[in-house]
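Here you go, one structure.
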Amino acid sequence: MTARLPLPHRWDDLRRWVPWLLPLGAATTLAAASDGYWPATVARMLPLALLAVSVATVTGAAGLPTLGQVAPYAAGAYTTARLAMAGHTLAPVHLTAAALAGAFTAGLLGMLLVRHRGTVVLMLSLAVAELTTITATQWRTVSGGTDGLAGIPAPHLLPGTPPLTADRPVLLYATAVTVAATAATMLLLHRHHLLLTAVRGNETRAAASGHPVTTYLWLVHTGAGAIAGTAGALLIHTHRWITPADVGFDTAALALLAAVIGGTHSPPGAAVAAVLVLGVRDVAAADWPGHAPLLLGALFVAAVYLLPGGLTAALTRLRAEIRRVRATRRPEPLPAASRRTS
Amino acid sequence: MLHVRDLTAGHRPDTPVVRSVSFHLPTPGVYAIVGANGAGKTTLLHTLAGHLRATTGQVHLGGRDLTGLLPHHLARAGVALAPQGRRLWPSLTVRDHLTVTRPATDDGFNVDDLFDLFPPLAARRRHHGHQLSGGEQQMLTIARALRTNPRLLLADEPTEGLSPRIAGQVIAVLRDLPDRGVTVLVALPQAHTATAVADRVYALNAGQLSDPPDGHVDLLVGDHRTPSNAHRSSHHARPPPARRALADHPRREHHQAGDRSPGNAPNPTNGTTMPPCLTTEANPR
Amino acid sequence: AGAPADPDAVRIGLLVSLSGTYATVGQDMQAGFRLYLDSHGGRLGGRKVDLVVGDEGDGPATAVPAAQKLLERDRVVALTGLVGGATVDKVQVLTTARKVPLLGANARPAFTSEGGKPRDLTYTWHTSYNSDEPGIAIADHVKSQVGDGAVYAIGPDYQGGWDELRGFTDTFTRLGGKLANPDGKALFTPFPATENFLPYLNKAAETKPEAVYTFYAGAAAVAFVKQYAQSDLKDVPLYAAGFLTEGSVLTAQGPAATGIRNVLNYSPTLSNAANQAFIAAWSAAGNSSPPTTFAMASYDAAAVLDRALAGVAGDVTGPKLNEAIGKVGRVTSPRGDWQFEPTEHRPVQRWYLREVRADGPVLSNVLVQDLTTLPAT
Amino acid sequence: MTTRHVDAVDHIPSRRDPADIGRAHDTGLVATGLYHAHQRLTVLDLDSFAIAPGDRHAVIGPNGAGKSTLLNLLAGSTRAQTGTITYQGQTITRRGAAWRARAGIGRTFQHPTVYPGLTVLDCVRMGGWHHRRNPDRVPLELLELVGLTGHADYPATTLSHGHRRMLDLAVALAGQPRVLLLDEPAAGLTDTDLTRLLDILGTLPGWMAVILVEHHMDVVAALADWITVLHHGRRHLDGPADHVRADPTVRTLHLDSAEAGHAARP
Amino acid sequence: MDTYLIPGLDGIAYGLLLAIAAAGLTLAFGAGGVLNLAHGTLIAAGGYVAATTSTGTWPSLAAAVTAATVVGAAGGGVLAAATARLRGRGHLDQALLTFGIALIGADLLTTVFGADIRRPRLPAALDTTLTIAGHPYPADRLAALTAAVIITTIGYAVLHRTRAGRLIRATVDDRHMVAGIGVNPRAVDTTVLVVSGALAGLAGALCTPILGVGPATAPTTLLLSLVIVVCGGLGSVPGAVVAAIGVGLVQTIGVITIPALAPYLLLSAMALLLLTRRRPLPGMPG
C-alpha cells in the first residue's frame, strides 16, 4: 500500500505536463510533415492564439469583456517591426521590448477601462480598437500607411544564429513562445484564482473585506497587455509584414469570439479556439472560396449551441462523464455520499 | 382551498430539498410554515409559485389542478409570491412596480390603497427599485404581490427588515386577507411570531412537513439545526475545532485595562467560542 | 496537392476578393478571366488550364493564407488576380520567394522596400496600371479646361486614395494649376466610415472651385456622386478617376452621375476590333451591364498567359513561364494594344477621357477622347 | 446625563462625557458633519457620530431613516458628500472601502450576498485574506462559530438566506475588524440562529467597537449599551439603552405596533 | 453663421436618420437586453428588399416599406427563436450567436442580391432638392427626418409611457418576477425582438434611398447604432435621439471644422462621453 502511493503522484505530475507538451509535439509533427503549407499556415495563426489568451485573461479573469487588447498588440507589433527594421533583430530583445510596450499601453488604457464594467467596457474597448487602427493608419512614419509594412527583417534567436526565415523553425519557435506565455499566464492566474473569482463575482463584498478591486483588475489588464505585446512580436516574427487592419476591430472581434468559444475562463481554450477559428476561415474555407464568412458564422452558431461554456467546459463535461462511467464500472461500491458529489 | 400532495422538489434533481410534503389548507386563512434556516421554506414556496419544478407531487388550488404549470400561468391562476430577497426591478420606479401589474379583477388593492398601507412607499413613488432602503424594498415586494389580487399569497419572511411598527401593519394586512377570500401561506423563521400571526402553523424540518399540535411549534423547530439535506454533513468529516474553556477568554484583560464592559455578558451555558484570531487584538497597520 | 491529371495541363491560381468590401471587383475579375478561358476552349497556350480560385477577402490577413494555399498545396505555376494594393505588396514576397510569376490584374502599389533594398520585381507583372496614373493622365486636360481657375481635390483616406490624388495634384500643380483646397493639399475623408459627403461638399463649395477632382470606388462612390448632385457643388464640373463611375456603381448612382468626366485605360465604347469581340463575348456570357476595366485587365492577364504559355516548351515551371511572359511583346487588347514596360513590368498604355451619358436605356462611360500614353517613354 | 432630544440643543455629543469623545478620536471612529442626499432628498444629516473601542452602539429607527446609509458612509461603500470621518486620529474621508476594511473597519450587509463561484469556506478565506498567518484553521473555526461547518465545501450560492447572513458575519469577523458594523444581523434568523448570533456578539472581544443597526429590539436590548435613534436621516434621540427604550416618542415612532391595523383598508 | 446652418440642419437630419437605424437596437439591446450584432444585417435585408421593390412610384414605395418591415420582423422572429435558449448565459454568448448569424446572413444577402451597391428609385417628388436659405437640400433627407420624428415619438410613448415598455424593462431586470405577475417573459422577449427586427427593416427601407445598400451596410450601421444606443443610455429613446443627433453633428459640423481629426472624432467623442458619465447606465451593473 505504502509502496504504491508515490506512483500515482508522479503520474499526476507527469499528467499535468501533458497538455503543455501536446501542442509542442503537434508542432514538431507538423514541422516534420513534408508539405510546406502547414508549418507556415499554422505559425501564422499563433499570434492570434496568443492574443486570444490575453483577451481571455481580461475577459475571464477580470470579468471585463474587451476588444481593446489590440492596442497593446499593436504596440508590441510596431515596436518589434521598428526594432527589426532598425537592425536590432534579436528575438529575445523583441519579445521583451514588445511585452514592455504592451504592458505600458495596457497599463495606460487600463486606468480608464477598469473603472467600468460590462457593456460600457465592451464599448469603450471597441473605441480603443477602432482608434488603434486609425492611429496606425494616420501615423505613417511608423506604420507605413494603410498598406502597412512588408519585408521586415527576420529575427535571430541568439547572436550568431541564422535568421528565422524557414517555415518549420518559425513554427517551432512560435509554438514555444505561445505555449510558454500561455503557461505563464495560467500559472499566475491559477495562483490568484480565488481572489479573482471573488472580486469578479461580488465587488462590494470584496471591497468590504479589504480587497482593492480596481487595482487587482488593473494588474490583470496590464499583465494581459504584456501577453498581447508578446503576441504582437510574434505577429511580426511569423508574418514579417503588418497592416493597420491587422490591429483593428476584425482582429479584436476574432480574438474575443475565440475567447468565448474557448471558454472565457480558460486561456489555453481561447488559444485552441483561435486556431480553430482561423483554421475554418483560412484552411477549411479555402476549397469554397468566397464563403469563409458563412463557414465562420456557422462555426460561431454551432459553438454557442453545442459548446455552452466553451471548449473547456465541454472538456470538463466529457471528463466528468468518463469518470462517471468508470465509477459505475468499479467493482467495490463507494459510500453513497461521495458518489453523489463526483 | 390549497391541496398539496407528495410534493418533492429541489434545486438539483439528485438532491431534493422538499421531500414528499403533503398538506391541506381547507379554508381561506393565514397559515405559517416555520423551520430552521435552510430547512427549505423558500424552496417550498418557490415550488408552489412555479419557479422550481417539482419532481413529484400534485398541487390543487380551489379544485383546479395547478401541477406543473409555468409561473405566469400560476400567477394568472391567482398564486402570488412575495419572495425573500426582494427581487425588485431596479429600472422601474415604485409606482411602475405597482402599475405594471394587471390584476384579473378590480376588487383587490389598487395602487392608492397600497400607498396608504405603506406610507414610506408613497413618499418614494418616483424612486427606482434599487434606490430604496431594505425595509422599503420589503414593503414594495409585498405590495407588488398584493396588487395581483391573488387567491393564494405566498409570503416568504414578509416582516424581515421591517421596523416593528410596519411589521405589525403587514401582519394586520395578512390577517385581514382571509376575509377577502385569500389564502395566505407565510414562511417565518420564528415560531413565536408564527403562532401570533397564523391560524395554523406547520413545521418544516429537513425538508419534511409536520403538523404540530397548536402552540407547540417550538418543540418541533426549536433545536434542529441540521442542514436540510442530511446526507450533506455525513461526508464532511471535519473535526470540530477544539472548544476552549470560557474561563480562558481574553476579554477579561480588557476589563482590567479599564474598558467599559460591553452590553451583555456571555452566556456561560453556551459553547460559543471566539476563534483566537479575534480574541487578541489585531496589530494596527 | 500533386500534379494535375492531364500531364499537359497547367494549374493557375486566381486570387480575388469574393467576400467583403471588394467582392464586386473580384467577381468582375473572375468573370473576365473565365471569359477569356471559356472563349479559348479552356486552354491557354495550347494547354488545358486547371484554374484554382482563392478568396482574397478584405486584405492580406485573409489573402496571404489563401495565396499560401495556392502556392504550396495547389502548386500553381502562376498567380493572377489580386484586388487590393496591400495584398499585392504582401503576396509579392511569397511569389518571388517561390519563383512563381505574379500577374496582377488590378492594384499595383508602390512596393515597400525590403530590408532597405528595393523589391525584386523579376517575377512581378501587372496588366493594370499604377494607382497614380489616372490622375497624371487627366491633369493636363483639366488644366486646359479650368484655365486659371482652381480645382478642389477630395478623396478617401487610404493608400489608394493618396496615390490617386497625388497623381493628379502633383501633375496638375506642376502644370501651373491651383488647388482650391485651403491648405493647398487634397482633402481626405475617413475611409470607409464616411457615408455622408454633404458637409464636405458644401464646405468645398465655399472655396468657389472651377472644378472638382476626385477618386472614390464602391459604396462611397455611389454616395459621393448622389450627394454631389444634391450639394452646393452640383453645377461645378466633376472630374474623376474612372473608378468613380465604373461598373455596377453607375447603375446605383443613376441620373446623378450624368456628365461626370473621368479618366481610365478603358471604355466599353472603344471601337477597336478586340473590344468589339470582347463586348460581344461578355454579353453572350449573360452579363447585362457593360464590362469594366477590372474584367478587361483580368481578361488581358489571361491573354498574356495564353501567349506566354505558348512560348514555354516542355514542363511549365515558374521561371520558364516568367521568362516567356517577358517575351510576349505587344498584346492586342480591348483597351487598344499595349506592351510591358521592360523594368517595371506594367503596361505602357493609352488613357482615355470618358463621360457618363445615357447610352440607350442605360448609363455608360462614353469615350470622349484619347488623353495620353503612360508611362511616358 | 439623561436622554435628550435633538432639537433641544445645538450640538449633541454622541458620547456620555468629553473623555469618551477624546478617546474615540484617538482610537475609534468619528464622523462629523455627515450629510448625504439623493436627488435633493436628504437621506442622512448627522452632526457627529463617534464610537470608541469597546462600545456597543445600536442605531435604530424606522425604515428609510438612513441607518444603512450611515454604515455605508462609515465603511466607505458610499463616498460622503460632505463631512469628515476620522479613524484612529487619521482622516479617512477620501479612503475607499477596501482601504478602510484593511485598516480594521469591517461590516456586514443588510442584504447578505456571497461570492458566486466560491465555496462557503473560501468566502471566509477571502474575508481574512489580509491576515493569512493561519490560512485554514481560522476560517474553519469561524464556520464552526456560525454553525456552517457542514456547508464548508458547498458553493456559497446554495446557502439559504439565513445561512448567508451567518456567513456574512463570519466573513466580516475573518477580517479581524477593530470596528464592526452590523446591518440587521438578526433579520430572518430562526430562534436557534438568533441565540447563536447573540452568543457570538456577546463574546466579541472587548477591544472591538460594534455598531449595530437592528429592528429586533431583543437583540438591541441584549447587546447595546448606547442607542441612537435616527428619523428622516437626523438624530432623533441619543442615549443609554434603557433610557432610549423607555422613551415614549421612540415607542410611537418605531416600536409600537398598536395602531398598525388602521392603515389596512379592506 | 451661414456656414453652419446647412451642416447643422444636415447634422440633425442625418442624426435622425441614424436614430431610425438605432431605434430597433435601443429596443433589443437597451431595453430588451439582447446584444444583437445581427441588427445591421436586418437593416441591410430591409434595404435590399426595399431597393428591389421600389420602382419610383408612390405605391411601390409603400410596398417597399411594408415588405422591408415584414422581412425585418421575420428576421427578428428568427433571432428570438435562436436566442431563446441562451437566456441567462450572458451577453458574450449572445454576441457570438448573433455575430455568427450576421455573418451567415451577409453571405445569404450577397448570394441573393449580389455584391453590388443598390439604391431604390424614389418618386420624383422625393428625388429632388429643395432650396433652404439659398442652399439646395435633398428632399429625401427631409422626408426621412419626418419619418424619424414620427417613429421616435411613437417609440418614446411606447417604451416610456406604456405598460409594455415597463414590462420590457422589468423582464430584463428580473424575468422570474415578471412571470410572477402573470406575464410570460418569453412572450415579452419574442415581441421585443420581432418589433426590433421590424424597426430594423423599416430603417433599412428609409435609409437606403439616401445611403444605398451593399455589403458594407450591415457593419457600418451596426457600429453607428451601437454607438448611439450606448451613448444615449441603454433603453432610453430620448437619450438615443440626442445621441443620434450628437453623432450626426459630429459627422457633419465636426468633420469639416477639424478635418485633420475627422477619423478620430466619433469614437473619441463616444469614449469621452462614456468615461465622464457619472451615472451608470440603467440596467447595467457598475
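In order of appearance the chains are A, B, C, D and E, and numbering begins at 1 in each one.
Note that in this section a contact is a pair of C-beta atoms (placed from the backbone, for glycine too) under 8 Å apart; a residue touches a chain by one contact, two chains touch by 3 or more.
Remember, predicted model here, so these are calculated numbers, not experimental data.
Asker: By the touch criterion stated at the start, how many steps lie between chain B and chain C on the shortest route?
Answerer: 2
Asker: Please identify each chain that touches chain D as well as chain E.
Answerer: A, B
Asker: So using the touch definition from the top, which pair is joined by more C-beta contacts, C-E or B-E?
Answerer: Greater number of contacting C-beta pairs: C-E.
Asker: Rounded to the nearest whole Å, what is the centre-to-centre distance of chain A and chain C, using the mean of the C-alpha atoms as each centre?
Answerer: Comparing mean C-alpha positions, chain C is 39 Å from chain A.
Asker: Report the inter-chain centroid distance for chain B and chain D in whole angstrom, where each centroid is the mean of the CA atoms.
Answerer: Centre-to-centre distance between chain B and chain D: 22 Å.
Asker: Compute the distance, rounded to whole Å, between the mean C-alpha positions of chain A and chain D.
Answerer: A distance of 45 Å separates the two centres.
Asker: Centroid from C-alpha atoms only, then distance chain C to chain D, rounded to Å. What do you get?
Answerer: Here chain C and chain D have centroids separated by 76 Å.
Asker: If I count partner chains per residue in chain D, which residues reach a count of at least 2?
Answerer: Within chain D, residues 102, 174 contact more than one other chain.
Asker: Scan chain A for residues touching two or more other chains and write them down.
Answerer: 134, 137, 291, 293
Asker: Which residue numbers or ranges of chain B touch two or more of the other chains?
Answerer: 232
Asker: Touching chain E in the complex: which residues of chain B?
Answerer: Touch residues, chain B against chain E: 49-51, 70-72, 75-76, 80-81, 83, 87-92, 96, 99-102, 104, 129, 144-145, 147-148.
Asker: Applying the document's contact rule, which stretches of chain A touch chain D when the two form their complex?
Answerer: 194-195, 197-198, 201-202, 204-213
Asker: Quick one: which bits of chain E touch chain A in the complex? Just the residue numbers, please.
Answerer: 35, 82, 85-86, 89, 91-93, 95-97, 99-107, 226-227, 230, 234, 263-264, 267-268, 270-271, 274-275, 280-281, 284-286
Asker: Which bits of chain E are touching chain C when the two form their complex?
Answerer: 3, 6-7, 10-11, 14, 107, 110, 114-119, 121, 129, 135-138, 211-212, 214-217, 220, 251-253, 255-256, 259, 262-263, 266
Asker: List the residues on chain A that touch chain E in their complex, please.
Answerer: By the definition above, chain A touches chain E via 59, 65, 112, 116-120, 122-124, 126-128, 130-131, 134, 137-138, 203, 253, 256-257, 260-261, 264, 291, 293-294, 296-301, 303-305, 308.
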